[in-house]
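Look at the two complexes coming up: chain A is in both, with chain B in one and chain C in the other.
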Partner chain A sequence: MATLFKKDWFGLLIVVVVSGLAIAAVKPAFLSSFNLYVLMVSTSYMLIIALAQMIIIAIGQMNLSVGAIGGLVAISFSGLMEVHQISVPVAVLISLVIGMTCGFLNGYITAKSGISAFIITLATLYIFKGINLGITEAEPFYNIPETVKNFGNAKLGNTPIPFLIVIPIIITFLMWVFMNRTETGRHMLAYGNSVQSAELIGISSSKVVITAHVISGFLAATAGILVVCRLQLGTPNIGDSWLLPSFAAPVIGGAILAGGKVDVIATALGVLIVVIISQALVIFKIDPFFVQIFLGVMILLAVLVNRYREYKQEALRKIFNSE
Partner chain B sequence: MNKKIPNFIFTNQFGLLCLVLIFIVIFSTVTDGFTSRFNIFALSRVIAIDIMIGLAMMVVILTGGLNLALGAIGVCAAMFGGWCMEVLEIPIIPSILLMLGMGSFLGWINGFITVKTGVHSFIVTLATMSIYFGFMTMLTEAEAFRRLPELFTDFGSAKLFNKYISPLLLVSVATCFVLFYVFRFTDIGRKLIAAGANPEAAELSGISVNRMFIYCHVLSGFLGALAAILLTTRIGAAIPSMAGQLGMDWLLPAFLAPVIGGTLLSGGKLSVFGTMLGAVLVTLLTNGLYLLDVGEFWIRFFLGIILLMAVLLDRTREYFTLRKVIVS
Partner chain C sequence: MKSLFSIVASAAVVLSGGAFAGSSDTKVALVPGGPHPYFAAWEKAGQDAVKDFGLGKADYKVPAEWDLSQQNELIESLVGKGYNAVLVFPGDAVGTNKILGELDDAGIPTAALAGCVEQPTKAKMCFGTDTGHSAYLGTKQLIDAMGGKGKIAHFTGFLVDPNTTLRIKAVEKAVEESGGDVEIIQVIADIDAYEPADEKINAFMAAQGAEVDGIVTTAWVPAVVAAQALTNMGDKRIKMVGIDHDEVVLEAIKAGFVHGTMLQNPYGQGYIGSYAMDKIRGGCTFKANAPWKSTAQTDQFIDSGTVFVDVTDVDNYVDAMRGISLEILKTFEGDFLDC
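Up next, the complex of A and B:
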């Protein structure tokens, strides 16, 4: 129990529980089964989008093209099924490969050229989005197979839990294992912490960077497929609005943008905070544009809290060092 | 004089100038109507705005940071100006000054938060982008201001030089000259560059780096507002969606022009005329691709490729040339 208090994510957990209870106390409708269902559905793909960004933040870079990869995969997935009549499992596989290829391109160019990932992914953002619009000519694909639609609507038994959330939970668990228990995951954090020291102890920087971007592409692709299942159609504008939330959750979860410090559980709780409060704004009938302002303020606040905590730790360290 | 000419040939600007000329020759022979009076006039209006957007981003890149909120600032300034002119019926000149003040103020907020928290400007401007844009949509209820004073909108459709060139382009080129003068010959300009190039050294030599960084953000907001003014006179209305969702449509031209023009992303080196030529090149290419019937949906794809090529070329050029001139 005592160790629990020391965890970074413990404070976030309290925020989630308290804000959830407070909203439920004022508006009992918040805990209605329909509302919980909606909450979990939006959590499901937001979680994966956040993880797709988190792994890039871990190595001290950023990926602006998460949304563009998700959008390209979403229309490829639906287009493969509608136009080319490809069976669902094969379409899923091909889509995931497309996402990973996009991620590989990001990682390869970044690692080999040494140019900041920001500018590379800004360029690929337009390239992927351009391919997306070039293929679809801004027209959505409407004829999604029934199996995909049913999957998007399915619930676990009689509970309000959407079947969609199972995949994100498994992925979150795997990501936790990857970041905390595998060599490659630890190498990524080491690389994010200090590129120089990582290279000095023999970590291959291009391997780390490319692996992280491929995983990011894979996750963005998964999110794109889930959104198609949910929306029951593949529109070209899927992914356009992912940029802000993808950064919001890891940052609220305490990730340091300079790299080297990310926490999967804290990121997941960050997603929950964003989703719960966005949902609360809807329930309290607050102007939807306010959600945007709110997300921005949340990011700023989270950054300030992190700075303050760092400052405290720094001060503490200095006291102990001087003794 | 003899010494200066070979130096100029090896600069980035000379290469860009050649590229611009080559593309002009290609497009005017391959496509119909590239050199028509109408097309050149249309081009000059678009180039004017792209130059201004590029300059606005350039001054923040100088600090080693960036300004994702640029588009949001622009739209906020435009909508504020529209409200001043249409609802409050403030005369044009004070309205323009108010718009510039608005842009500078929003830029100052970015700079202030970035400097005081020490957080990278990427995350700060990501947040403020969303905040500014959210407030703007809430206050305007996403309605456009379309009844602007005629004198104001006439400026955007006026034609000069035998009806070939828009006066908007003159504004942008004049801004380039002013910025060039400031960065090359004034005390404050040199301090801004020094702060961006090596903050520690600048701090030790008595420059307040924090203040310089805030100035850069203010200048970025000011130029963003100026770009918004040009855009508003061009379309003749202040529209909330004029820079796309969250103002993100400005991001690509904003980064393309300085990066192609040789401004270093790590800060401390900028090229005013390079940015200008970069904006000209990008607009020419976009226009040429339209005339070649590439289809508007593929334009983004090509712009992305161009940005990628530009940074990769810049990278290879670094191996061959030493960067001696800081401002060019």
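Up next, the complex of A and C:
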């Protein structure tokens, strides 16, 4: 238990469990099969979006173009299938390459120019969105193949678990391994912690920055594809609403925006908290004019609970050290 | 003192033949607030107006995003290229007035299309959907489909859009007229992006799908997502009346998952708007005693019409939109213009 308490994500897990049980006690429909399905569907692509931002936060940067990459990939994926009649697997592959290319551009320009990623990704946000609108002229692609539609709405057997969440779970596991068990992942955290120190011990800045952005592009692309599967259409608006949630979950998960500290499991729990709060506002029929106030207060509470746990943990450590 | 923009615009008008105003000299720019499929019909409307009324040009030009300054820059560049009449969906109900004033100073007539600007304004008219009336009629249709009683939910768009408040009130009014037999159990707003709309509408269905009897949607994205949700659930018990003509909504009507949709008339807005601008450039003026309608923003409003379409006429919805337009056009000059 003491080991668990030390984990960054433990406080968040408590928040998730307590809030889930509290909502279910008042509104039993919260634990209905259908609602659990909806909750997992929403969590699925939000999880990937949050990880796409988290990896950039790990190196002390920001990626404002996460949504624009996801949107561009979403319309590319659907357009390739509808207009060019390309098979689903090939369309997925091309779309992922597009996302990674966007990420590479972000990373390469940032690394080579020395300009803040905030500015570079602000510029590329407009470029990627502009290409999106140039291709679609604001008109959605509707003719999505049945296999894609079925994937976006299917469940695992008779369970409420959507197929859609399988890929995000695998990716979350791989991201945990990458950040915690690989040299490149540790280099990213070291770079985020102190660029100068990282360079002094021989870590290549360019390699770290470009790799992080390529992975971010890949993740944003995956999220774009998943959203198309879910919505059953490729609309140019996909990604427009991703920016704030992409930061909210890692920050709730204790990420330090200056870099060097992120936690994959805590970020995943952060996503779950945002989704649960969002659902609770609907379930409790909160007046639409007050929804944003409640959302903000609840997110603030979640962050404070986790900070309180960190504070208590720090206090305990000081006591043990003094003894 | 005229701004530099006004001087440049005036020069462009003269160079483009504005001094000899006539149909073939009229070059209309149709500028939406940003990219949105609702406005796509303006393109065809402009092309038809060129063909039918002999205008020089009537082109649909979309700003890269929903941003007032980008829209203003686009309008300025179009005027620089010789467009001498502008139909605009206001990027901001107050902020857009500045550029409309500058265009008016330069002798370029303008009108607000699909959404109004606040008075005082130099826009010659506001030509759009009476959004409150459309929401009211849609709710009435829903209540009829529900057999006059039951519980309904209302899904709508941006809270900062003044039309949203009008729509919420209109739905409430229609429900009140049921004499207590119909109840609104929830209003979900601010769901004009697909991902949050999908999350919230499906959360609503999961929590309250069993107790709701009807859904009315008064914005494009919620209509699409709610129609998709009912189709995915295979639910034909819950009646739904949507808005606009997205393919997803139209397909759901054909499949029986959506009862019908309240069509707006973007085609007519572009078609008749272009016609009106040409008439104004030709020397016509709006009558002082024209049968204007009033809204919260303006008392120079013309309703571009709305029509309910269900499974019986969904295949001919384009004809329905064109029908409304021709109806308005038939009396437009006599009712509104002194030529």
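As a working rule, the second predicted complex is superposed on the first by the 286 of 323 C-alpha atoms of A that agree within 3 Å, B and C clash if a C-alpha of one lies under 4 Å from a C-alpha of the other, contacts with A are read in each partner's own complex, and residues count from 1 in each chain.
FYI, a contact is a pair of C-beta atoms (placed from the backbone, for glycine too) under 8 Å apart; a residue touches a chain by one contact, two chains touch by 3 or more.
Quantities reported herein were computed from a predicted structural model and do not represent experimental measurements.
**Q** Is A:S113 touching the first partner chain B, the second partner chain C, both, or neither of them?
**A** first
**Q** Quick check for you: in the superposed arrangement, does A:M62 touch first (chain B), second (chain C), both or neither?
**A** Only chain B is touched by A:M62; chain C is not.
**Q** Does the superposition put A:Y126 against chain B (first), chain C (second), both, or neither?
**A** both
**Q** For A:A138 in the superposed arrangement: first (chain B), second (chain C), both or neither?
**A** In the superposition, A:A138 touches chain B and chain C alike.
**Q** Which holds for A:L231: it touches chain B only (first), chain C only (second), both, or neither?
**A** The answer is second: A:L231 touches chain C but not chain B.
**Q** Just to be sure I read the superposition right, which of the two partners does A:L300 touch: chain B = first, chain C = second, or both, or neither?
**A** The answer is first: A:L300 touches chain B but not chain C.
**Q** Using the superposition on chain A described above, determine whether A:F247 touches chain B (first), chain C (second), both, or neither.
**A** It touches chain B, and chain C stays clear.
**Q** Which partner chains sit in contact with A:V41 here, chain B, chain C, both or neither? Use first/second/both/neither.
**A** A:V41 sits against chain C, while chain B stays out of touch.
**Q** Is A:L269 in contact with chain B, with chain C, with both, or with neither (first, second, both, neither)?
**A** Neither partner.
**Q** In the superposed view, which residues of chain A touch chain B and also chain C?
**A** 126, 129-130, 133, 136-138, 240-241, 287, 289, 291-292
**Q** Which stretch or stretches of chain A touch chain C in the complex?
**A** Contact set of chain A toward chain C: 27, 29-30, 32, 34-35, 37-39, 41-42, 45, 126, 129-130, 133, 136-140, 142, 153, 227, 230-233, 235-238, 240-242, 275, 278-279, 282-283, 285, 287-289, 291-292.
**Q** List the residues on chain A that touch chain B in their complex, please.
**A** Where chain A meets chain B, its residues are 62, 109, 113-116, 118-120, 122-131, 133-134, 136-138, 240-241, 243-244, 247, 251, 257-258, 287, 289-297, 299-300, 303-304, 307.
**Q** Write out the stretch or stretches of chain C touching chain A in their complex.
**A** Counting only chain C, the residues touching chain A are 35-37, 39-40, 62, 64-65, 159, 185-190, 193-196, 198-200, 202-209, 221, 224-225, 228, 232, 246-248.
**Q** Spell out the residues on chain B that touch chain A in their complex, using ranges where they run on.
**A** 66, 113, 117-120, 122-124, 126-131, 133-135, 137-138, 142, 245-246, 248, 251-252, 255, 259, 265-266, 295, 297-305, 307-308, 311-312, 315
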